[in-house]
Amino acid sequence: MANKLESTKFGKYGGQFVPEVLMPALEELTEYYEKFKDDAIFNEELDYYLRDFAGRPSPLYFAKRLSKEYGVKIYLKREDLVHGGAHKLNNTLGQGLLAKYMGKKRIIAETGAGQHGTACAMAGATFGINTEVYMGAKDTVRQRMNVYRMELMGTKVIPVKSGSQTLKDAINEAMRDWVANVETTHYMIGSVVGPHPFPTMVRDFQSVIGKEVRTQIMEKEGRFPDSIVACTGGGSNAMGIFYPFIEEDVDLFAVEAGGSGMKTTDKEALHSATLCTGEDGVLHGMRTKVLQNKYGQILESSSIAAGLDYAGVGPELAYLADIGRLKPCNSMDSEALLAFHDLCRLEGIIPALESSHAVAYVRKAAATGELGDIVVINISGRGDKDLQTVMGMRK
Amino acid sequence: MRISEKFRQLKGRKEGALIAYICAGDPTPAATKEYVTALVRGGVDIIELGLPFSDPVADGPTIQAGIQRALEGGMTPDIFFRTINSLKLHIPIVVMTYYNLIFKRGLEKFAKDCAASGISGIIVPDLPPEESDELLQACKENDIDLIYLVAPTTTKERMDRILAEGTGFIYLVARLGVTGVRSDVAASTGELIKRVKTNTPKAVGFGISNGQQAARIIRAGADGVIVGSAFVDIIAKGEDVAARLEALARELKEGAEVAIN
Amino acid sequence: MANKLESTKFGKYGGQFVPEVLMPALEELTEYYEKFKDDAIFNEELDYYLRDFAGRPSPLYFAKRLSKEYGVKIYLKREDLVHGGAHKLNNTLGQGLLAKYMGKKRIIAETGAGQHGTACAMAGATFGINTEVYMGAKDTVRQRMNVYRMELMGTKVIPVKSGSQTLKDAINEAMRDWVANVETTHYMIGSVVGPHPFPTMVRDFQSVIGKEVRTQIMEKEGRFPDSIVACTGGGSNAMGIFYPFIEEDVDLFAVEAGGSGMKTTDKEALHSATLCTGEDGVLHGMRTKVLQNKYGQILESSSIAAGLDYAGVGPELAYLADIGRLKPCNSMDSEALLAFHDLCRLEGIIPALESSHAVAYVRKAAATGELGDIVVINISGRGDKDLQTVMGMRK
Amino acid sequence: MRISEKFRQLKGRKEGALIAYICAGDPTPAATKEYVTALVRGGVDIIELGLPFSDPVADGPTIQAGIQRALEGGMTPDIFFRTINSLKLHIPIVVMTYYNLIFKRGLEKFAKDCAASGISGIIVPDLPPEESDELLQACKENDIDLIYLVAPTTTKERMDRILAEGTGFIYLVARLGVTGVRSDVAASTGELIKRVKTNTPKAVGFGISNGQQAARIIRAGADGVIVGSAFVDIIAKGEDVAARLEALARELKEGAEVAIN
């Protein structure tokens, strides 16, 4: 067992902090994942869905006018063009296919704003697997359209009325469901978080982003970029684009949500900058950096971008931050909004507010020189879902 | 009092143990003292007190609500240990909490605080044996039992490890799913009791709410029953709480006694 | 001049029925278009934008579960994955680039539901050309989000308060603007309609769809499909996918909006099925089939899909229908809705209501055998814009 | 009366022509008779009547609104010709309409109907010479003038063709843009008048609304002015319409007369 335990961690982070009932399911999942992750047939089928269904490869676009405005050569990795409007589908197709290979009859998931839920619904429909998504009751009201999208695709959306009726309650409820139905059900986690093997598996499924960038930037520049910048909620789009460059001489910037400021109280943080300010802890099955009070109670986090609004972060990012391989940084709500408008106006691309945090960091850091000459920004998703929010800001 | 001693006592008396869970601080620290007293009067053998955590993934809505009331009532680990310390019970007390609160306090300090305040055992629902080496060490050094859970899904290999490491009692999860009152006893419960071959006492929890169920479980070979949501329900209703806790405890204890005879 | 006139027509259809003021602009546009359409540098730049900005090629996806349900082998051409969510950008990138080569300082356009306007805004932002879009005042209210999208990208949306305050008034107003500012301004028409050279030019820019299908279906099936089905409003997505197959033995189905029924009154049609029921006429600068009353007054058309709701149709489609090269057909609102739900549920793809008309035709025609064994459906756009409409239907 | 004859007459009298446009049927067919009479009384030389089309792309908001009123008032091509027929004017009448209404009626029939009801010329703003061969033929056969427009943007090559084909008068579009009242006369207007070298009379339209402007244009070398939106504005306001139409016609005509002296 010592051997297996070893591989569940990234340094001291990661692991499997889950109820006993789930351990066999995690073992089964790990086993299947290890079996299929390098399997030729599995990967061929996954590649097929990524290409023909999801629309990969996504372009690497040279943002000429934005480059001029910010004073550094900027390439945008266009995950906004992936089916469903975000990188999330890369992961749900991978896990969905694995669930199919495992013979699971049912997929469950949690969702906050509905991006991951929508991606699950898409994968569920494609693979013909029954899908149910837990969503905080408050979120179902705020994100009515995403609920409807999921329902159209045959997914059952279950409003969670306990606790704060938001994402964390949805996670709790999904975990409970998994505990109760572990034999027939695959729990589809939406980021590089949760117990092993999820952080590793989701990273691998998302690595298609970075692999494409390797080829694309070589074609365009004949060399790797000086830096890569990605927004970081759970950290899946970041790990997806970072991982294939881990061994390369490329600086990696994980941009968290600075919210309305770096303050915290005993109960809540005005931000979601977990890598920047979180402390070592255990949440949702993993040891990682966590926004918590002195007793270890988890704080309510905050961000204008629902997808970044999370009190934890993927354990591998926590590890990479500790060893100095990536630089944690953050952009505030107001900075993200400015970057959002820049990209709309200069490039005709409406980015997700999540992705706008990455753009915002380049906006302020380009002049310092720390990003080098060529920077790749991961545009993790499109911003159509955020129009209402941005419109509200205007008033 | 050590847990093992309690079970030895009960064995001598041919009684099944009744382990009662409530969440410390639900709805106030003062209330917990009153409710614990009532439970002990009702015949509870071991008190399991929840130290409330903000994200209790292994608990069902009933207990989650109790945890929320406790947090809103101001319960913290510091107050928790002070409250326990003031209880002075003559039966074992077990703390049930999530790992982050232990981790954050420091494993050593947490175990010491337990020992100092009269706690005999720790249950951590999100800490499987794979992750528990350090806490186990701290518990041993402080003469505290680390109580492990086994589930119907637990494989033979894992079961062996858990039985080798667990002390105090083995917490048998009666069914897949989270805590909460159910109207039936799952067939799988009997099977699980048979599968768990150990000299450590076996207590079955999750979903037990009345004397009949308790009796059936003890009859099936368990050494004790753990009841939580049914008590927390009474606290949630908030009417005549102490008396009704005592009455339910009595009913359950009678079920557990009758069963062995 | 006889020579040039000849080439402005498709059989008897097409031509240039515009005010004298515009004739020189049309000549200039024709000239530039003829000059650049086979120019290597122009095409290389256009290909670049289509690939890196728009995300082309769009996949040709084998819809396994839909095929099983409908009983014919169905491939979906995924224009829903193109940047902006529809095929419209293929055209606006082409025209936008041409406008840049022509040195135009300003782009104007009309839009109904806002799809073409959004695509114009995207092209305008990318190329850094001032863009103004006319939109019926009623439509600006109904399609508030699309107005906002355009504005975010720096496009000025001008509400048209004359007439019925909808698409046709926006067209009229855009034409008027062009008449007044013809020297500095390019008028970006959004479909294969209007005076020559627009129908030809827009068809050519959209032909990238069909060209890709040629390669893709050969890879997948080793042969061309038996039939291609596309929804038809103005007809640009249809001509785009049809045109590269005109000389091949492939049946072409142009599916119009059957609305709530094939009835017309003196003032309005309950449908928009121009190819099916329209009569020879002259509208918006072209001779084509037109929905009109006995005096030649244009009827108000109707469809659940805003993008199909047009009383005219591209002249080349009218010609191809007359000579029997394509088959005009239609799907009713209710049929399109059923097909919409099928695609959502079975394939995890939310199609535009426009595209759902094409799917709906396959739904009812597959069993007749007229579509053959392999059919390609053009999914001209995604349906996120239609969620509100479909939700409304449920009640 | 033929248009050419009218212009000859005016030339003899050294007067610039006033061509007045209103939309037939705005707001009712009966009103049109009254308004035309008023205009003629005011001194108008040629009446240009709009046959309303549902999609008037070449017209500005003022005239578009008039067209809409006319359509709502029930105006159709059939009623149009009947109305004209009943006018019995002693000055030329010209119809201005969009091509689809002509096309739908049939070019032959339309030209015949014009001739039969006393119309002398046809203006089709969306029919450039490239597309007008057939209508030109039908007009010739029925002794009707097909009146072409030239614009500041018209190239030399196109100008030559238009001047070769157009009869009655040449309609000079005073500026880029659609119909509608403007407060100034564009500099380009004078240039255009000079560029149009022909024996066919030249009338300038688009944006003229008062006697001063009319005078300036005739002085610049035009044979007539065409005024539309200013009259339609009066109809739109709906107060004292006939009298105000007459007064405005008189003012414009005086401007056109004065200019030549």
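Chains: A, B, C and D, in written order; residue numbering restarts at 1 for each.
Keep this in mind: contacts are C-beta pairs under 8 Å (C-beta built on N, C-alpha and C of every residue); 3 or more make two chains touch, one makes a residue touch a chain.
Keep in mind that what you see is a predicted model, and the values were worked out from it rather than measured.
Listing every chain that touches chain A and chain B alike gives an empty result. Number of steps on the shortest path from chain A to chain D, with steps defined by chain touch: 2. The chain with its CA mean position farthest from that of chain C is B.
For this pair, chain B with chain D, the centres built from the Cα atoms lie 97 Å apart. Mean C-alpha position of chain B lies 67 Å from that of chain C. Averaged C-alpha coordinates put the centre of chain A at 36 Å from the centre of chain C. Arrangement of the chains shown, judged by which pairs touch: a linear chain-to-chain path with two open ends.
Going by the touch rule set out above, the chain pairs that meet are A-B, A-C, C-D. Residues of chain C touching chain D in their complex: 1, 5, 8, 15-25, 27, 162-163, 168, 171-172, 175-176, 179-183, 279-285, 287, 290, 292, 294-298. Residues of chain D that touch chain C in their complex: 53-58, 60-61, 64-65, 68, 71, 76-78, 98-105, 125-128, 130-131, 148-155, 158, 161-162, 173, 175-178.
For chain C in complex with chain A, the residues that touch the partner chain are 51-53, 55, 58-62, 65, 78, 80-83, 85, 121-126, 128, 145, 148-149, 152-154, 341, 344-350, 384, 387, 390-391.
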